[in-house]
Each structure stands twice: as C-alpha cells, then as structure tokens.
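Following are the structures in question.
Two complexes, one shared chain (subunit A), two partners (subunit B, subunit C).
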Partner chain A sequence: MRRWFMALSIVMLILSTWLGLTKGQIVPIQRNILYVHVPNSIGALLGFAALLLASVGYLVTERQIYDWIAAASAEVGTVLASILNATGMIFSRAEWNVWWTPSPRLISSALLWFLYVVYLILRTSLPGSRRRRARICAVFGIIAFLDVPMVYISARFIPDIHRPDFSFESSWQTLALVLGIAGTIALAGVLIWLRADLLRRRFELENQLHN
Partner chain B sequence: MKSAWSGFKAIVVKDLVIELRARQVLPTMIVLGMLIVFILRLVSEPSSGRVEMPMMAAAALWIAFLFSGLLAQERSFGVEQQNGCIDGLWSAPLDAGTVYLAKLLANVVILSIFEMVIVPAVLLSFSLRVTARWLDLVIVLALGNLGISSVGTLFSAVVQLTRTRGALLSIVVLVVLMPMLIPASFALLVLFGAMPEEVAGSGAMAFVGSFRVAQGYLLAFDAVFVVACWLLFGVVVEE
Partner chain C sequence: MFYLCLAFSLVWICHLAYLLAIDRQVRQMGRRMKARADAPPGPGVG
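After this line comes the complex of A and B, so read on.
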C-alpha cells in the first residue's frame, strides 16, 4: 500500500518535471522553478497543519501515535520548508536581483523554517519521561502555530512585489503544476507515515529490550 | 477564589523580595542591556557615512529587552530548582494557571525596572527626543514587555531540566516572538522619527501600515499569547 503511494508520488513528480521542461515550459526560463517552489510551499504549510492537529490530538487523547505523527511531520516539514526557501531565494535572485528582502511573504516562509527547526531542537533536548516530552512538544507546536495565522494569512491581503504577475498560457503548464502539487503532498504524506511507523517500531523494540 | 488571590500575591511578593534582597539577576540584566546599547552606539558612528541613528536606537532597545528579558525569565523558574523549592510550589493549593500569572507578573515588574534604566540610556546615547509622545512610548514598551515575558515565563518552566537551559530558552522564545517584533519595531521607528505615521507600499513595514495598527497588533499578540500560555501552562508542568 505504502509502496504504491510512494511509486505514484514519484511518477507524478517525474511527470511534472518532464512536462515543465518540455510542453509546459514558462518563459523566461527561471520561472520554471515555480513547479518546485509552489508545491513545496503548500506542502510545508500542510505539514505545519499536520503538526498542529497531531499536537492537539496528543493533548486531548494522550495517545502515543499522535506524538510520532507530530515528530514525523516536523521532520518532513523541515525538508519542505528548506526547499521552499532555497528555491525562493534562487528565483528572487534571478528575477529581482536580490537574494532576500523582508517582505511579508518571505518573512513568513523564513519563520516557518525557523519554527520547524526550533521544534526539532526542542524535541531532542528535553529530558525526562516520554509523556512529558510529548506534552511539551505539543504545547510548543500549538504556540508556534499561533504565529502562522498572524503572519501568513494576513500577508495574503497585502500587496506584495514578490509574486510575478503572470498567468498560465497552456493547460500543460497547469497540469505540470497540479501534478507537482499532488506529487509533493503524496510524497510528504508517505514520508510522514513511514517515519511515524519507524518511530513506533523503535519504541516497541526498546520496550522489548527493557523487558 | 480568595485563596487563589492570596497564593498569587504570595508568589509575586516572594519573587520580588528575593530579587530585591539578593539582587540575583537585575544587575546582570542592566549591565548586559547597557553593553548592547553601547556596542550598537559604537558602530553607528556618524563619520562612517549614512547612519540612521533612530533605526539603530530601535534595534538596540529591542535587542536589549529580548536578551535581558531572557535572563530574568530563565531565573524565574531556575531559582525554584535550589533546595527543591519547585516541589513546594507545585504542592501549594493553587492551580498551575495562577502560578503562571504570578510568575508572569513578577517577570513583568523586573523587566519594567530594567526598562526604566535602559530607555533613558538609549535616548541619551542616541540623542533622541520623544518628550512630546512619552505616553505612546510607555504604552508600546509596556505591550512589548508583556509579550516578551508571557512566552518566556511559559518556556522557563520547560527548559529547567535540560542541559542547555538558557540557550534552548533563547531560541524557543525568539522564534515565537519574531512576528511580534515587526509591529514593535514599527512603533519605535515612528516614535523615534525614523518613519512617517503611515507607510504604504510593500514590505514588512507597510504590512503593519500605521502606528495605531502597530499598537493594535501588539495588543492582539499580547492577548493571544498570555491567554494561550495561561491555558497551556498546566499541561507543561504536569509530571
């Protein structure tokens, strides 16, 4: 099941890349990075939503699985947010000749990355019982998410230079982007699933060792 | 209700009396803050070309607040670790939220004392005049103080048993406070005369828009963070 999802997402990503480089190419050439940038930005945001839901789920039910899902979404989200910021900077340099500038959208993307990284550092440095660590991480996940609407959603309503003014000319381009988004989300979902499962198995093995 | 109030009062008074008698953290905070202001004043040498003094002053003020505030907040639950005082605190007939609010108030008071020293130091060393709008300045500083203290007090209780207490606290608090510092800087820049009352266009400052909106944002951040931290504090400290 998981293998099929993984294969499907990779096929979608390869197709999206191939379409983007052939029939769906955007002129000028640097704008083609959009096929990676936009899916990753959506994925990074969805990853944070998954982190929030898992954190709330853990605090409400105290079931260990939610903690593993939260940890897995943070790890996958860090990767997506890194790609988001890296591709964004490359595009910005090519399009506007600056690597970075404090505009609302760029600040919120950078903030997202920082929140993920601090979450992971906090996770690895907390001593004490597993339950206590899971609770503290869940609380940080919730408090950190309070930042996101204040910056991210309100940034949507502000005029911002950092969105190139163009629309898709052919349906190939739309198809390439949609495939990219679907592929990235599917891949992120599978990776979270895989990682959470790995954490569960490690926990079970540790339990067997101790008994 | 009455016992919650007296417990609240007892914790606040205890923390402030400890600080005033033993002077554990205020001198360090003030010296650190003044060093930050001093260093930033050194690099804003007018002969080095175009220097925006009010901008450097705003940066100096918020950096000094954040880092000195972290010292106070780390101390806030650090002081309870000696002789197992923390067990006494948790066994008191008080709910965790009340303990949080009491610790928060003590931190706000300590940071306010710090502000009374450091704000004149900044105004004098960067030769700024804000006499006409001192009330606005006080409001902005008070709102910033509450926001900084609210997040710091919550996570102070979290980091105590870790190996890298202060370092961990600093990254956790700074990353959560990052969005709040945009309207906070905006407000100070307006008060210091580095920016017009209203800004249009694009960019982070235009995102805030005007001085009144900046104050509104600060108020919203404070309200959200204080309520969220108050509600979640019990979850964090429960063993």
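After this line comes the complex of A and C, so read on.
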C-alpha cells in the first residue's frame, strides 16, 4: 500500500516536471521554478498543520501514536520548508537579482523554518521522561503553528514582492502545478506514515529490551 | 536556465536523499527486529 502511494507520488512529480518544462513552460524560463516552489510550500504548511492536529490529539488523549505522528510531521515539514526557502532564494536571485530581501513573507517563512528546527532539537535534547518531553513538544508545536497563518496572509495584507495571486495562460501549466502539488502532498503523507511507523517500532523494540 | 536547473536538481536531490535516509532506517530497524527475534530470551540483546 505504502509502496504504491510512494510510486504514485513519484510518477506525479516526474509528470509535473516534464509538463512544466515542455508543454506548460512559463516565459521567462526562471519562472518555472514555481512548479517546485509552490508544491513544497503547500506540503510544508500541511505538514505543520498535521503537527498541530497531532499535538492537540496528544494533549487531549495522551495516546503515544499522536506523539509519533507529531514527530514525523515536524521532520517531513522541516525538509519541505528547507526546500521552500532554498527554491525561493534561487527564484529571487533569478527574478529580482537578490538572494534575500526583508519582505514579510520571507521573514515569516524563515521564522517558520527556525521554529520547527527548534522543535526537532527540543525533541532530542529535552531531559526527563518520555511523557514530559512529549507534552512540552506538543505545547511548543501548537505555539509554533501560530506563524503558519502569518506566512499565508502576509503577502495579502502587507505590501510584498510576492504576488498573492497568479494566473496561468494554458491548461498544461495548471495541470503541471496541480500534479506537482498532489505528488508532493502524497509523498509527504507517505513519508510521515513511514517515519511514524518507524518510531512506533523503535518504541516497541525498546520496550521489549527493557522487559 | 542555470537557476532553473539548480532549483529542480536541489528539489530532487533533497527528496531522494530523505527517502534513502528513511529507507536505511527501515532496513536497520528490520535487522534489529530480526536479531531480537532470533536471540534467546533474556537480557543482553541490543
């Protein structure tokens, strides 16, 4: 099941890349970076939304599964957020000739990345019991999510170099972007599933060894 | 063109590197589970 999802997501990403660079090419050429930048930004934000839901789930029910999902979502979200920031910087350099500019969306995106890196560091370095660590991380995960709406709305309400809306000239371009978004979300979902399952197995193995 | 290639390469390398890292962890966990299953009962298996 997981392998099928993974294969499907990779096929969608390859198709999106191919369509984006051939039939759905945007002019000037550097704007085709959009086909990888936008899907990864949506994937990162959904990863952090999954972290928020899992953190709330853990605080309400104290079931261990939610803690594993939160850890997996944070890790996958951070990978996608790193890609989001890196491709954003490359696009900025190609389009506006600067690697970085202090615009609201760029600052909120960088802050988001730092918050989730701190979350991952907290998970590995907090002393005390597993339960205490999970509770503190869940609270931090909920607070860190407050930056996600800032990333989304910053370009809509504050003057920014980012254009909040863009339109495509052909349906191939729309298809390439939709495939990219669907492929990235599917890949992120499978990775979260795989990582959470790994954490569960490690927990079970450690329990077996201690009993 | 250079920046476009750079962005696409970066995305694919990051995705594949992360997939490979998780795959390695899955294999490692499988080996540990197998070692645990094969070992005689009692402490001392790591």
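In this text, the second predicted complex is superposed on the first by the 199 of 211 C-alpha atoms of A that agree within 3 Å, B and C clash if a C-alpha of one lies under 4 Å from a C-alpha of the other, contacts with A are read in each partner's own complex, and residues count from 1 in each chain.
Everything that follows uses one rule, which is that a contact is a pair of C-beta atoms (placed from the backbone, for glycine too) under 8 Å apart; a residue touches a chain by one contact, two chains touch by 3 or more.
All of these numbers come straight from a predicted model, not from anything done at the bench.
Asker: Output check: A:101 vs subunit B and subunit C. Expected answer is one of first, second, both, neither. What do you get?
Answerer: So A:101 only meets subunit B here.
Asker: Does subunit B (first) or subunit C (second) touch A:83, or do both, or does neither?
Answerer: Second partner only, subunit C.
Asker: When the two structures are overlaid on chain A, which partner does A:40 contact: first (subunit B), second (subunit C), both, or neither?
Answerer: In the superposition, A:40 touches subunit C alone.
Asker: First (subunit B), second (subunit C), both or neither: which does A:198 touch?
Answerer: The answer is second: A:198 touches subunit C but not subunit B.
Asker: Under the stated touch criterion, which partner chain does A:114 make contact with: subunit B (first), subunit C (second), both, or neither?
Answerer: Touch partner of A:114: subunit B, not subunit C.
Asker: Examine A:32 and indicate which partner it touches, taking first as subunit B and second as subunit C; both and neither are also allowed.
Answerer: second
Asker: Applying the touch criterion given at the start, work out whether A:125 contacts subunit B, subunit C, both or neither, answering first, second, both or neither.
Answerer: After superposing on A, A:125 lies in contact with subunit B but is clear of subunit C.
Asker: Which bits of subunit C are touching subunit A when the two form their complex?
Answerer: Subunit C residues touching subunit A: 1, 3-4, 6-8, 10-11, 14-15, 18-19, 22, 25-26, 29, 32-33, 36, 43, 45-46.
Asker: Once bound in the complex, which stretches of subunit B touch subunit A?
Answerer: That would be residues 151, 154-155, 158, 161-164, 168, 171-172, 175-176, 178-179, 182, 201-204, 206-207, 217, 220-221, 224-225, 228-229, 232, 235-236, 238-239 of subunit B.
Asker: Note which residues of subunit A are touching subunit B in the complex, please.
Answerer: Counting only subunit A, the residues touching subunit B are 59, 101-104, 107, 111, 114-115, 118, 121-122, 125-129, 132, 135-136, 138-140, 142-144, 146-147, 150-151, 154-155, 158-161.
Asker: Where on subunit A does subunit C make contact in their complex?
Answerer: 6, 13, 17, 29-30, 32-33, 36-37, 40, 76, 79, 82-83, 86-87, 90-91, 93-94, 187, 191, 194-195, 198, 201-202, 205, 208-209
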